[in-house]
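Following are the structures in question.
Both complexes below contain chain A, partnered by chain B and then by chain C.
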Partner chain A sequence: MSRRSGWLAGHWLTVASPAVLLIGWELAAATGLLREAFFPRPSTVLAHLRRLIADGTLLAHALPTLGRIAWAFALAAVLGIAFGLAMGLWRRLRESLDPVFAVVYPIPSILFLPLVSFLVPRGETALIVTTAVTSFFLIAFTTTEGVRQIDPLVVEAARHYGARGRRLFTAVLLPGALPFIFTGLRLGLGFALIVVVAVEIVNATYGLGALLWLSWQVLKVEDMYATFVVIAALGAVLSYGLAALRARLLPWAQDVAER
Partner chain B sequence: MKVEVDDVTVAFESHGRSVVALDRISLRVVAGEFVCLVGPSGSGKSTLLRVVAGLLRQTSGAVRIQAERPGTPATAMVFQEHALLPWRTVLANVAFGLENRGVARAQREARAREMLALVGLTRFARHYPHQLSGGMKQRVGIARALANDPEVLLMDEPFAALDAQTRTIMQEELLRIWATLGKTVIYVTHSLEEALLLGDRVVLMTARPGRVSQVFPVELGRPRGLEIRASQAYGVLLEKIWSQLREEVVRAMGDDRGA
Partner chain C sequence: MALAVPLGLLALWELLARLAVLSPRYFPPPTRVGAVLVDSFAEGDLGGETLVTLTRLGSAFVLAAVPAVPLGLLMGMVKPVRAVVDPYIAVLFPVPKIALLPFLMILLGVGEAAFVLTGAISAFFQITISTLAGVQTMDPRLLDVGRNYGARGARLFGKVILPAALPAIFTGLRLGLGLALVAIVAVEFIAAKSGLGHLVYRHWQTLSIPQMYGAFVLVGALGLLLTRGLRALQARTLTWQEEPGRL
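Entry: the complex of A and B
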């Protein structure tokens, strides 16, 4: 038996359940059990997706979204890691910022759009900053925890062997927090995608969120589903990409996570 | 005299009460000697070791360590839970102290490899700590301490967490390494059998406050192996120290229950 078929034997449910769902949907729509006007067949959606790709519509909407995610994620990551590390290291800073974060964090990010629009130039910048808000909090929280969960005995041993000041930070505290930081980045990237689509629905002409909403409003339901598929695929690629990066950069944390 | 501990007292506040962990302890260790500290829980064995290591500051009294080779640290500690840096390979863990002191890469890695050979881990230089067994981790801990070529090697119940067979192997290994390098060792343990197998002298400590109760020379010859357990002198000495230790343990348990 080959390795591949061995994998399939072990994971056949993972492959079978979405396949059954799609085939069932296809049949239900074909037989009129589902109204095709609202639930078009998967094969039809696929055809529309091909057309959106071929005529350049998808690219015209996907590129602005990717650009916004990239900027927002970079902003959230840099600030989130900086704040998180500082809060992990200094108890007083943590104690003064914790209540503020606790109040602001659960507010749905989209609600920051009007506020942000007053503070920064309208348009792109406001979209990017709004997209970054929730990701920033997630990354800051996990980074803080990452610093705090480092075994104090390991820190004591490192000090004993001469790691002080900057050296203690770069050789012990930062690498010790990295697995948590990566978890924060992965969550933050996922939320950036969620929020950017929401923000684009409200306030953008171009973007996957805008395409989704426009398709719905003019009842191009097939295009709406096609956009769904693209957004879902984008989320999966980003998430697994970051997981693969983590596996490459943190080989020492990988086996622990898998166990 | 290699190590002189003079009238050292360690007191700290706990729940608003002043607790005396060490009460005017004095101890002398000659160069090349292997001294074992034994006593009930709460007798301050580990506290004394941490004061000698400079990890904890005494309230009063003085610790002097005679330095013969300038540039090398006075002490290096082998921690109970190994306390290796999980994100560093075995080689980088062993070289950590030298790296912190600014020793060039080629030089520190050569030294680390030498120490890994000494503890029998040459093949595992590129492994991460989580890929090693408990006994192997503690070998790395010993190699890390020895790589610094300290004046005094401090060991805080290094084999307490290992299973009985591994512990026995590690004790024999430690005796071999000690005979090779001729280091001065201060070794904390719960186990009288271990202390008699390893030590030149056994220092019996009392609990609450921690004091030196009695010092027993171990005149069982060298080199020593597990076969000494069959000798009459061993049995007599074990019985003699145990009758003392027993009193201390019972008294410490009474303190825990009462008061």
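Entry: the complex of A and C
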């Protein structure tokens, strides 16, 4: 038996279940059992998706979204890792920032949009900074934990062998904290996608969130579904792509997320 | 001591706003926000809006937890169930749930049902996944020991599997509640005409800035209360568990 058919034998239900749903949906909509106005057939949605791709609409909305996610993620990652490492290393700093973070972190990011738009001049910058807020906290938290969970014996041993400053940092602390940092990055990227869609719904002309909202407002239901499929695909690519990257880069460490 | 830095920051803000280094129009001094907050509570509308948000949050949480915990347990214990449900969870979990709002509004109309359900779906996936992880990561030796002592079916479930999965379930409920709050507030900000999220939006649009900060502070307090409160509850009731995670 080849490897592929072996996999299929073990996972046929996992493949069959969505297939049955999609075929059933198609048939139910075709026979009028489901109202096509609300539940357009999967084949119709696919056709609309094709059209959105062909006439460039999708690209015009997807590119701004990707750009915002990239900028927000970079901003959150750089600041989050820097704060996280500093807070992990210096107890005083951690203890003084902890209460501030504890209060600000649970506030849903979308509410920062008004505040941020008072602070920064351009609309686009406000969208990006708002998108970065919650990701920043997630990355800072996990990085702090990552530094704190390093076995003090390891640090002690490194010191005895003469590692100080930069060397201690790059040879011991950073690799030790890396699995945690990576978990933070994964969670942060997921959150950036959540927030960017919400922010685009509120305050953008272009972007997948804006396209979704616009399609709903003019009741182009098929376009709504098509946009949703794209957003879902983006979510899957970001989340499973990063998981695969992690397995490749950090094969020794498990994900520490589901705690 | 722990409060020194936050209080210091507030004092600095107060000073900068009073000296008009920060524009007092957009960054009103904290004492002003506090006074407005007290006033709007006295007039009663702020308490009402808070109650609206809390009701939505509570309904969403219950709607999510009641099916999610059994589903997660079932997926952990019965392989075919897991095989059938897995692809949907894998595809839908990373999707921003706010993107479901337009669909729910088309199906259910623009109203409470659509708002609450968006929040419920946000929490549902998290709770299901955490519960499943709780069953899957339990020490298999516990199962063996239980079976060796003759526990089967309901007894095995009640005495071994459920207690072993409980910490993960609680973590799922805690994270789920947080996600539901995020979704509900976003829905209020975007589509609803009531609730704390809408209040922030409305005061932003009408530039009644101190009121906007007031609602903002209230959401923060709510979030803090929920996250800290549940973590304390978790540490207290599930004493056999290691320190609950931070996220």
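Keep in mind that, in the parts below, the second predicted complex is superposed on the first by the 251 of 259 C-alpha atoms of A that agree within 3 Å, B and C clash if a C-alpha of one lies under 4 Å from a C-alpha of the other, contacts with A are read in each partner's own complex, and residues count from 1 in each chain.
Simple rule for what comes next: contacts are C-beta pairs under 8 Å (C-beta built on N, C-alpha and C of every residue); 3 or more make two chains touch, one makes a residue touch a chain.
Small disclaimer: the values here were computed from a predicted structure and weren't measured.
Undergrad: Once the structures are superposed on A, label A:118 by its partner contacts, choosing first (chain B), second (chain C), both or neither.
TA: So A:118 only meets chain C here.
Undergrad: Regarding the shared-chain residue A:13, is it in contact with chain B (first), chain C (second), both, or neither?
TA: second
Undergrad: Counting only touches as set out at the top, which of chain B and chain C does A:108 meet: first, second, both, neither?
TA: In the superposition, A:108 touches chain C alone.
Undergrad: Considering only touches as defined above, state whether A:175 meets chain B (first), chain C (second), both or neither.
TA: Only chain B is touched by A:175; chain C is not.
Undergrad: Between chain B (first) and chain C (second), which does A:97 come into contact with in this model arrangement: first, second, both, or neither?
TA: Second partner only, chain C.
Undergrad: Between chain B and chain C, pick out the one touching the greater number of residues of chain A.
TA: The partner that reaches more residues of chain A in the superposed model: C.
Undergrad: Is A:158 touching anything from chain B or chain C once the two structures are fitted on A? First, second, both or neither.
TA: first
Undergrad: Using the superposition described at the top, list the residues of chain A that contact chain B and also contact chain C.
TA: Correct list for chain A: none, the interfaces share no residue.
Undergrad: Enumerate the contact residues on chain B facing chain A in the complex.
TA: It comes out as residues 53-55, 73, 76-77, 79, 81, 83-88, 96-97, 99-101, 128-131, 144, 148.
Undergrad: In their shared complex, at which residues does chain C touch chain A?
TA: 1-6, 9, 23, 26-27, 80, 83-88, 90-100, 102-103, 105-107, 129-130, 133, 168, 171, 178, 181-182, 185-186, 189-190, 197, 200-201, 204, 212, 216, 219-220, 222-224, 226-228, 244-247
Undergrad: Considering only the defined contacts, which chain A positions touch chain C in the complex?
TA: For this pair, the touching residues of chain A are 11, 13-15, 17-18, 38, 95-100, 102-111, 113-115, 118, 138, 141-142, 145, 187, 190, 193-195, 197-198, 201-202, 209, 212-213, 215-216, 219, 221, 224, 228, 231-232, 235-236, 238-240, 257-259.
Undergrad: Tell me, which parts of chain A touch chain B in their complex?
TA: 151, 153-154, 156-164, 167, 171-172, 175-176, 178, 250-253, 255-256
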